[in-house]
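In the two complexes that follow, subunit A is the common piece, with subunit B as its partner first and subunit C second.
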Partner chain A sequence: MKFFLSYIPLFELALFNMLLAFSQYVVLRAGVFSLGTAAFAALGAYTSAILATKLGMSPWIGMAASLVLGAIAGALVAIPLARLRGVFQALATLALVQIMLSITLNWVDVTEGALGINGIPRSVGLFGMFCAVVVVGYFLAVIGASSIGRAFDVIREDETVAVSLGISVPKYHLIAFILSGSIAGFAGGLHAFSSYSITPNEYGFHMLVMVLAMVVLGGRVSVWGPVVGAAILTVLPELLRGFQEYRMVMQGAVLMFAIVFLPRGIVDTAKNIWRARRVAASEAAKTKAVTV
Partner chain B sequence: MKALCLSDVSRSFGGLPAVDGLTLTAPAGRVTGLIGPNGAGKTTVVNLITGLLKVGRGRITVGERDVTEASASALARAGVARTFQNIRLIADATVLENVVAGFHRHETTGVLSNLFGLPSSFAERRRLEEKAGALLERFGMTAFAAHPAGSLSYGHQRRIEMMRALAMDPSVLLLDEPVAGMNDSEAHSLAEIFRDVAGQGVAILLIEHNMRFVMSLCTHIYVLASGRLISDGDPEEVGRDPKVIEAYLGS
Partner chain C sequence: MLMQQLLNGIVVGSVYGVFALGFTLIFGVNHIMNMAHGTIFMWGAFAGLFVVLTFDAPFLAAVLAGAIGGGLLAVVLDFFAFRPLRKRNAPEFSSIVSSIGASFILLSLAQQVTATRVLRFPFETFPVVILNFMGLRIQLLQLVIVGIVVVMVFGLLFYLYRTSYGRQIRSVAFSESTSKLLGINPMAVNFQVFFISGALAGIAGVLIGIVFNSVHFMMGEPLLLRAFVVIILGGLGSIPGALIAGLLIGIVQTLSVAYLSAGMADAIVFSLLFLVLLFRPTGLLGGATSVARVTRS
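Our next item is the complex of A and B:
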């Protein structure tokens, strides 16, 4: 039990990362190359932290506000970016992260600048984080199996086909941005209420790269992709603790291996292999039936 | 019953005319042919009709509706379906999933019930899979429903594209070289399906290289060369036209 308790912070971090990875996953699934997750998470974290410490509001209100503000921010970003694709979307959303970072660093009256906001009442624990991951994951699985998920998949694979089937790409990109913004905002709120303090640099370039890596490693079609990716990339650095300075090198190597040999990510590759096997097995059964 | 009409449609790329003053009518319930040598501008015509390319000059109408300025997705929702010359499927998705995607314009569940997984969202999925299953049966592809589309042969992939287009229940159907790379018996079975679809009141515009296939299927044929209409008429007239023979042999 003691052994387990000492790992609680690690589990909490893994769950937080899963939520961020969900936010990144939903845009990538829809074929949007958004890097805005870190910015939406910062918005959510600061919203919750400010409401709790300066206005003394309950965590429930804080987290709801984080989620709603994240969704609004997602919608506001989606509209001007509707005409951008691929690397231009990435650059524009990267700028969003920079803007958020300079606001949290320089608007000292509200955000306490580089020192960050301290003394946030800890009101979310491991169980709360776990419930949040289950609820968001279930939600995304339901959406993924619906008409929205089908439209996301066609847009991601071939936008020309999507429009020729009558799918309105701006509409589904808007939905993806709103989902991504609200999930990341919610995750940021949970993080604020589970970690006593938040600082601007937590929500910077490092988070952006890490979250993107989780989805690339795990996969971007199945909802399990971000879960697996986040679990691996949270636990791996801990396992490599003994290697100290080589830690980043090994983490980078794992990622490069995944990109080269598993370009669809672990979960989606595994799913494809499993399905191909099942099809082959049913074929074999049929030919056997014919020859007998 | 809606006809597709192009009147004096032109489009050029960097000053070079790709389609020049094309006037054409594809009436409902018929298969109309559009043929021409390589580089004649046939695929450009399809892209202009479907709104993937903007029309430079002229007018395109579907039934009474002027669709010259309509966006590609609005046109598809209005019932203009197409297949692609180079097959475009979701290779990793199953055959059934690819066909279900074609039903998008008939989906009726709202965004909110999809977001919250209300029963109507699941019911719709089942309903569409059943309808897709019926299409698969018609094309003799039921056994392949669970196969990834990318793993199948060329001829089968062509059929999947066709089923996806028919899933849209279109009023205008544009077929860009649908039997390219198929053998005669495969082409023959598709011809039956096209006749059948046209018989239900769909206006079909068939763009094709295979002259024999076009001649056997179309009631009216337009011949394009270097973006211009050089001949049109029933299959026999066009087949005899010296300009058509010259355009085909000269290229």
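Our next item is the complex of A and C:
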């Protein structure tokens, strides 16, 4: 039990990372190259923190506001971006992260600038985070199994086919952006209420790369992809604590190797192999039956 | 005062233009958004600084070292990050991800090497000579920078549009499989494109390092982010567009730093990017073909 207690912060970090990875996963599954998760998370975290510390509102209102604002921000971003092609979405959302960073750093009256907001009441624990991950994951699994999920898959694999099937690409990209924004906003709110303080630089380029690496490594079709990716990339730095200085090198290398050698990610590759085996096994059983 | 700021803006903007040229060249030929371009810029500045510090080399040698260092690094980057993906015919997204990974590696290596310090070019690398012209104070360095930029741009245009190498590059940009049928080796073309692009970034790195008198591991990031704005504003793959937009962004930024605040400058420049995407996604000089490449049906 003591062993478990000393690792609670690590578990909380892993759960927070899973939520962020879910946000990145939704857009990637729909073939949207959004890198805006960090910006939406910053929006959510600051919304919650400001509501709690300056206006003294309850955490529930704070988190609900984070979620709603994240969704609105996602929808607003989707208006110019849903009609653009992938690389331009990536550039624009990267700029969004930068805009968010310069707002949180420079609008000192509201955001306290580089010092960040401190003294946020801690009101979400490990169990709360766990429930949030389960609820969001289940919600995404249900959506993924519905027609929306199928539309996402078609758009990601081949846009021309999607259009010829009568799927409106901008509409589903809008849905993906809204989902991504609200999940990231919610995650940011949870983070604010579980870590006492938030600073602008937490939600910068480093978070963007880390979250992207999680989803690319884990896989972007199955809901388990972001979970596995986030778990691996949260635990790995702890195991390699002796190589502290090379942590960023390692994260970059994981990203490169994953996209070069495991382009579909761990979970989806494993699923494909498993499926191929089962098909082969049933084929073998059939031929046996015929010969006998 | 206004004229002085405009002049500063033009000098900074022309360097932005050169940096964005390399970025837009790779994008035009290989359809890769090279997110590691900023770190190549930074390592180019390091290469220039290294030559100056160890061999006491003059200004032009530093620029040359920056060009060679940046060019070689870009070729290595292509070999490890993009070639495996090209072989597999992977989608554009893969190359973005892999270049983000590469930029992370290069960034933190630079942080290790410099121990997070800010390095400086020695004071005598370029003599401070100030010319007075119609009430403007012009540094000789500023003139030299604009001169180098002009030479490089015309050199690049000559190379691309007046030599057989340039014809090969343009034909690979148009269609790699067709140019293979015509006996062009795409590998050699990629080598050239990445070397040129890296060299442009490296030169820009040395110039910016000398102008602002600081070389540090984070210096590439703001430039890369500006380069996005520049190439989107200027129009995809358009060389004159990149230059005009580079100058424009340089001026807008210097003016907003001078008259508003440094923090506001970033917000203004990046909001410009969203405005362009909203109202004219093909940029200022985007042609008919770029409409199809930027937007969906």
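Just so it is clear, the second predicted complex is superposed on the first by the 281 of 292 C-alpha atoms of A that agree within 3 Å, B and C clash if a C-alpha of one lies under 4 Å from a C-alpha of the other, contacts with A are read in each partner's own complex, and residues count from 1 in each chain.
Assume a contact is a pair of C-beta atoms (placed from the backbone, for glycine too) under 8 Å apart; a residue touches a chain by one contact, two chains touch by 3 or more.
Not measured: the values here are computed from a predicted model.
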item: Touching partner for A:56 - first (subunit B), second (subunit C), both, neither; value: neither
item: Subunit B versus subunit C as contact partner of A:92, first or second or both or neither; value: second
item: Which of subunit B and subunit C A:248 touches, first, second, both or neither; value: second
item: First (subunit B), second (subunit C), both or neither touched by A:163; value: both
item: Contacts of A:148 with subunit B and subunit C, given as first, second, both or neither; value: first
item: First, second, both or neither for A:80, with subunit B first and subunit C second; value: second
item: Dominant toucher of subunit A (residue count), subunit B or subunit C; value: C
item: Footprint overlap on subunit A, where subunit B in one structure and subunit C in the other make contact; value: 163, 169
item: Contact footprint of subunit A on subunit C as seen in their complex; value: 27, 33, 80-81, 84-85, 88, 90-94, 96-98, 100-105, 107-109, 111-112, 221, 225, 228-229, 232, 261, 263-264, 266-267, 270-271, 273-274, 277-278, 281, 293-297
item: Subunit A to subunit B touching residues, read off their complex; value: 139, 142-143, 145-148, 150-151, 153-154, 157-158, 160-169, 175, 221, 264, 268, 272, 275-276, 278-279, 282, 286
item: Complex contact set, residues of subunit A against subunit C; value: 33, 79-81, 83-88, 90-92, 94-96, 98-99, 102-103, 105-106, 159, 163, 169-170, 205, 209, 212-213, 216, 245-249, 251-256, 259-260, 263
item: Residues of subunit B defined as touching subunit A within the complex; value: 50-52, 71-74, 76-77, 81-82, 84, 88-94, 97, 100-102, 104-105, 107, 109, 111, 114-117, 121-122, 124-125, 143, 146-148, 151, 164, 168
